[in-house]
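In the two complexes that follow, chain A is the common piece, with chain B as its partner first and chain C second.
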Partner chain A sequence: MTDDRSTPLQKILTYATLSVVLALVLIPYGYAIVTAFKPPYEVYEVSWWPSEISFGAWRDVFAINHFHLYLWNSLIAGLGSAVLAVAIALPGAYIFARKEFPFREPFFYIIVGTLVFPFILLIVPITIVWIRIGLFDTFLGLWLAFQIFAVPYSMWILRGYFARLPRHLEEAAQVYGCTQFQAFWRVMLPMAKPVIVSVLFLAFLQGWSDFLFSNMLTTGDGPRTAAVAIYTSTAGGERVEWGPLMVMTLLAGIPPVVLYMFAQKHLARTFAGAGH
Partner chain B sequence: MARTIDSPAVKGRPERDRTRRQRSALVEDRWLIFVFLLPTTLFMLFLLWLPFLQGIWMSLHNWPFMGEPSWRGLGNYRDFLTADYFWTSIEATLIYSLSTLFQLILALAAALALKQAFVPAKPLLRGVMLIAYAMPPVVVGAIWLFLLDPSLGMITYYLIEFGIIDFPIYWFADNTWAKWTITLVAAWTFWPFMFLIILSSLQAIPQSQYELAEVYGANLWQRFLTVTWPNIQGAILVVVILRLAFNLAKIDQPFQLAGGGPGYETSVLSILMYRFAFMSGDFGMAFTVGMFLVVVTVILLAPFAILYQRHLRQVGG
Partner chain C sequence: MKANGTGLRVNHLRKTFRGGSVVACEDVNLEIDDGELLVMLGPSGCGKTTTLRCIAGLEHPDNDDAVWIHGHNMTRIPPKDRNLAFVFQETAMFPNLSVRRNISFGLDMRKQVARTDIDRRVEDAARMLRIEDLLDRRPHELSGGQGQRVALGRAIVTEPSAFLLDEPLAALDAALRVEMRTEIKLIQRKLDCTMLFVTHDQEEALTIGDKIAVMHEGVVQQVDTPHNVYHRPANLFVGTFIGLPPINRFACELQRNGAGLELGAAHFTLPLATEQAARLERSPARRLTLGVRPELMEIGPDGAIPGTVRLVEMMGSRTLVLVETESEDIRVLVQGEPAVREGERVGLTPDLTRAFYFDERGQNLLT
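Now for the complex of A and B:
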């Protein structure tokens, strides 16, 4: 197993770094998990081993907080966000990467520039406009608002990928009788599958995780997401029920983590060219 | 797909046919460009530019959440510049943006460690390190609120147990601690984004470059300087630019943790904007603060953008 190129110093440094980082990451989550299974009276003392494993907090979260409804809303918010982001960004990114037309570069940089633009300030006019045109407190209103960030991000990723594919692919397809659209649909799209998965995933997370837009553009009766519900139970001035809260964090936090594990390989490939 | 490519539809046709085909392809090209750019254009118009212009218009008004707006000219801007919380907010914003640096240190260290050939179970380790970033920021925020709770939090407990502090610290309500605490929690939450991109770019370095450096007798540090660093410089600039911009635009987690207080101590510009809009219902003032956020973002990003331009010229990209 020993790699002849690595010195003992290198190994010590590496394992020391890894241990520190892993401890930093795992201890908080470990404690959150332990707390979620503690009986209520033990939540208020610091200990790693509960005297018994209790599911009381889990029952409360569904029976009292109705957290499943919020999770469902998060799911819908995320799915809509993902579909819309790909629908808007994919065709545009393809054209920006593979076709010539006037003002292509400035046009593209205006869109991707939004990535570093503090887009959150648009929540102010959007709230007012959404109320006026009836998008306030609707899923459609949320999905559209998520695109302010999701589209530029997706365009940046997708265009980079399309631009790195070999040149003359479309021409080759056309020589064999494909129309322009078929060249895109049958040749380019299948090749872009891993990066489309990444974009779907990132835009889904945007909807699932967002707090700002979901909080501002919905009311208590509307499509409130789990992130907003968690925020509400930590704010509001009442005493925080830490046991149920830790259950909620696990319920809202684990699905994206699982998705990340599946998407890892795609993501790594997607970001490999990010610096060029 | 394979069948389409294999069918020799136009092989051996006369020359005239081919030019006509090329001309019609050009028309088709224009249509494709037009249709494919339509969603992007509509998006830009209706979700970016019109709201932005509407926002600027609002910032020139006294614009309550409900009720009639009234013209104020530059009154909101003047009020904000002369308000006593103006500098408090700028200071909080600058401190909070330092979390970018903490994120970079963590990410670089972890990525370099995970790049080493002898480390086992790499996919698992990489996955574990991504956890904090995968979770919604308010989820991570809730966990840290619990850990740092002054009366029953684990961290306060151990700090007292080990005699590091004598009294519980109110991490999120203390005048000096609050802004540093939200900064460090942000570092803990968002570093995996940098880690992911830096690691991807580390893994793309051809092994032959390291072997060559070794032939010339380069030691560990020299190998880092001559091979690793030049290869990841571009990626690092990109993540610093993105993360800095994202950190400046964060509201959810720092607001959840400290609510912008005590007073205005943790009211970074984005939170101040939020407070004006949704706590005081003053939408004109809220967008005014947003405009200052734009200015601060541009100023802070400019040096890194220039460095990145220079880097692109060097590598000829």
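Now for the complex of A and C:
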């Protein structure tokens, strides 16, 4: 531990800045939580403590808005996106990391380079194509749309990781009885667990919280996700009910946070177990 | 090729990288008998590791008939079907498996050996290597030396045609290296197995090998016993590479004077004894490189080559004396303590009966 050589003034400034930043981040969340439990007549009052804890907003969200359905859709969208991203990016990243073939590097950077492209510009063309090929308003359509971002990003992370893994482990596996695929499956994959977890998490997050594609590619009768449902409940901003809105926001926002905490624990454990 | 189809043979192995622009192995030829421990020795980049990896199947040679194992052309067969064992410099233990599972990996993959048999083989190997109490640990809990023991265990249980070891001791500390070197040799003797050992450490090579293959720039320079490689180097490279402290080299010309032949160098002349003179006379060479090992240089108040003592270094039971002469610095290895001090003027006399004479192409003229 290095000594803290800050002067008292520097310390005060540091903590003051941190407090401001923390406040900026936490106060809206805090207020949303508080508002979610306020009885309807109190919602428009700016108060930090409800006169009574009311679950009215919560009831409405499920009974009137049927939010549980949309949460379920978000879950499916997220899971499918995560599984597909790993299924596509994992073998791809391995090939780009280990196999030699002509134009490998330019090819790889073209794939990763697509991340630079603004996704908003893609919504209209994708929607048109999806309608034409029958993917509109389907989960498969959503999953594939999410791969546009998820696959390049996942491949980028995974290839970097695979390239840095020493070759002699796979080679040892090959000498002692594995084909190249078996060596990948039994040796590389277990070692890549932490990275795979982060890729799964990111791809899931994409599916769960995406608004852009989910809004355009689904209708009310199809797999509309929670993010879109929140938007439509306000009828485009015309009719905002703050209580239920806060509840829906919390319900949509908390699972990723919980997931992140689990993923973090696993990541930390995996790195600790690796030792050196 | 051995008529009875035994042993390991490397046949004109050529391996290039980057479409031919980098030549790792130029033309490597080796024959290893069953039960032999051959050491491949050479400086970095000489092709020894690449040759070993080609034998294992981890690299693909340029030619199709480069690797023969027990009479079969295995050049294009995948590594898993060659029945060889490989020990890497970096241990290469699988981090997600226990030590026991690491050792039994090869047998588990084969699925032909019964479980009880596998367990027995693992226990036997662990006992031989003295790692029985480590069997249920994980690789990250082991030290470097223990790790290499596990790697050896993994190799032993598969009962391969040959063991291939790629500088397995290079990452260990000096004392451990010496200890494991002996252990490996004893294991090889006990199992009576064929072993190919790659190293750049000549001391290691000279102690461990039945035979040494000295390699340089992708070509095998000499395959011989440690004794011959040291005392009868085939060429200038082998003579210079083998031997610590390094050999003393002098550029000379064969001259005739009244009495017989002599060697004329820039700043001294040495008369040749009759035996050497007779043999050298027959060769057409006129310009030679004379190689004299430091321990074959006599140092005294007078001698054929005059010089001044620059440094006296103690090396255990022997002393290294660095003598500055008109043309070069000469290293002399003396038993015990020398009778000279730094700054003293001395004379050096090489033992020409045991010196090496290399022609202009570097070939040893007297072997």
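As a convention for this text, the second predicted complex is superposed on the first by the 244 of 276 C-alpha atoms of A that agree within 3 Å, B and C clash if a C-alpha of one lies under 4 Å from a C-alpha of the other, contacts with A are read in each partner's own complex, and residues count from 1 in each chain.
Note that in this section a contact is a pair of C-beta atoms (placed from the backbone, for glycine too) under 8 Å apart; a residue touches a chain by one contact, two chains touch by 3 or more.
Small disclaimer: the values here were computed from a predicted structure and weren't measured.
With both structures placed on the common chain, the touch criterion links A:Met191 to chain C but leaves chain B unconnected.
In the superposition on chain A, A:Ile148 makes contact with chain B only, while chain C stays out of contact range.
In the superposition on chain A, A:Leu140 contacts neither chain B nor chain C. When both complexes are overlaid on chain A, the residue A:Cys178 reaches chain B and chain C alike.
Applying the stated contact rule after C-alpha superposition, one finds that A:Ile12 touches neither chain B nor chain C.
Put simply, more of the residues of chain A are touched by B, taking chain B and chain C as the two choices. Contacts of A:His168 after superposition on the shared chain: chain C is touched, whereas chain B is not. By the touch criterion defined above, A:Thr249 lies against chain B but remains apart from chain C after alignment on the C-alpha atoms of chain A. Of the two partner chains placed around the shared chain by superposition, chain B is the only one that A:Tyr29 touches, whereas chain C remains out of contact. Under the contact criterion defined above, the residues of chain A that touch both chain B in one complex and chain C in the other are 172-179, 182, 186-187, 190, 273-276. Chain C meets chain A in the complex at residues 56-58, 78-80, 84-86, 88-90, 92-96, 105-106, 108-110, 138, 140-141, 154, 158. Within the complex formed with chain C, the residues of chain A that make contact are 166, 168-169, 171-179, 182, 186-187, 190-191, 273-276. By the touch criterion stated above, chain B contacts chain A in their complex at residues 1, 4-10, 25, 28-29, 32-33, 35-37, 39-40, 43-44, 47-48, 51-52, 54-55, 58, 63, 106, 109-110, 112-114, 116-119, 123, 125-132, 134-147, 149, 152-154, 157-158, 188, 196-197, 199-201, 203-204, 210, 214, 220, 232-239, 241-242, 245, 248-249, 251-252, 256, 259, 270, 273-274, 277-278, 283, 286-287, 290-291, 293-294, 297, 301, 315, 317.
Those residues of chain A lying in contact with chain B across their complex are 1-3, 5-7, 9-11, 13-15, 17-18, 21-22, 24-26, 28-29, 31-32, 35, 43-46, 87-89, 91-92, 94-95, 99, 101, 110-111, 114-129, 144-145, 147-148, 151, 155, 172-182, 184, 186-187, 190, 205, 208-212, 216, 226-227, 230-231, 234-235, 240, 242, 245-246, 248-249, 252-253, 256-257, 259-261, 264, 267-276.
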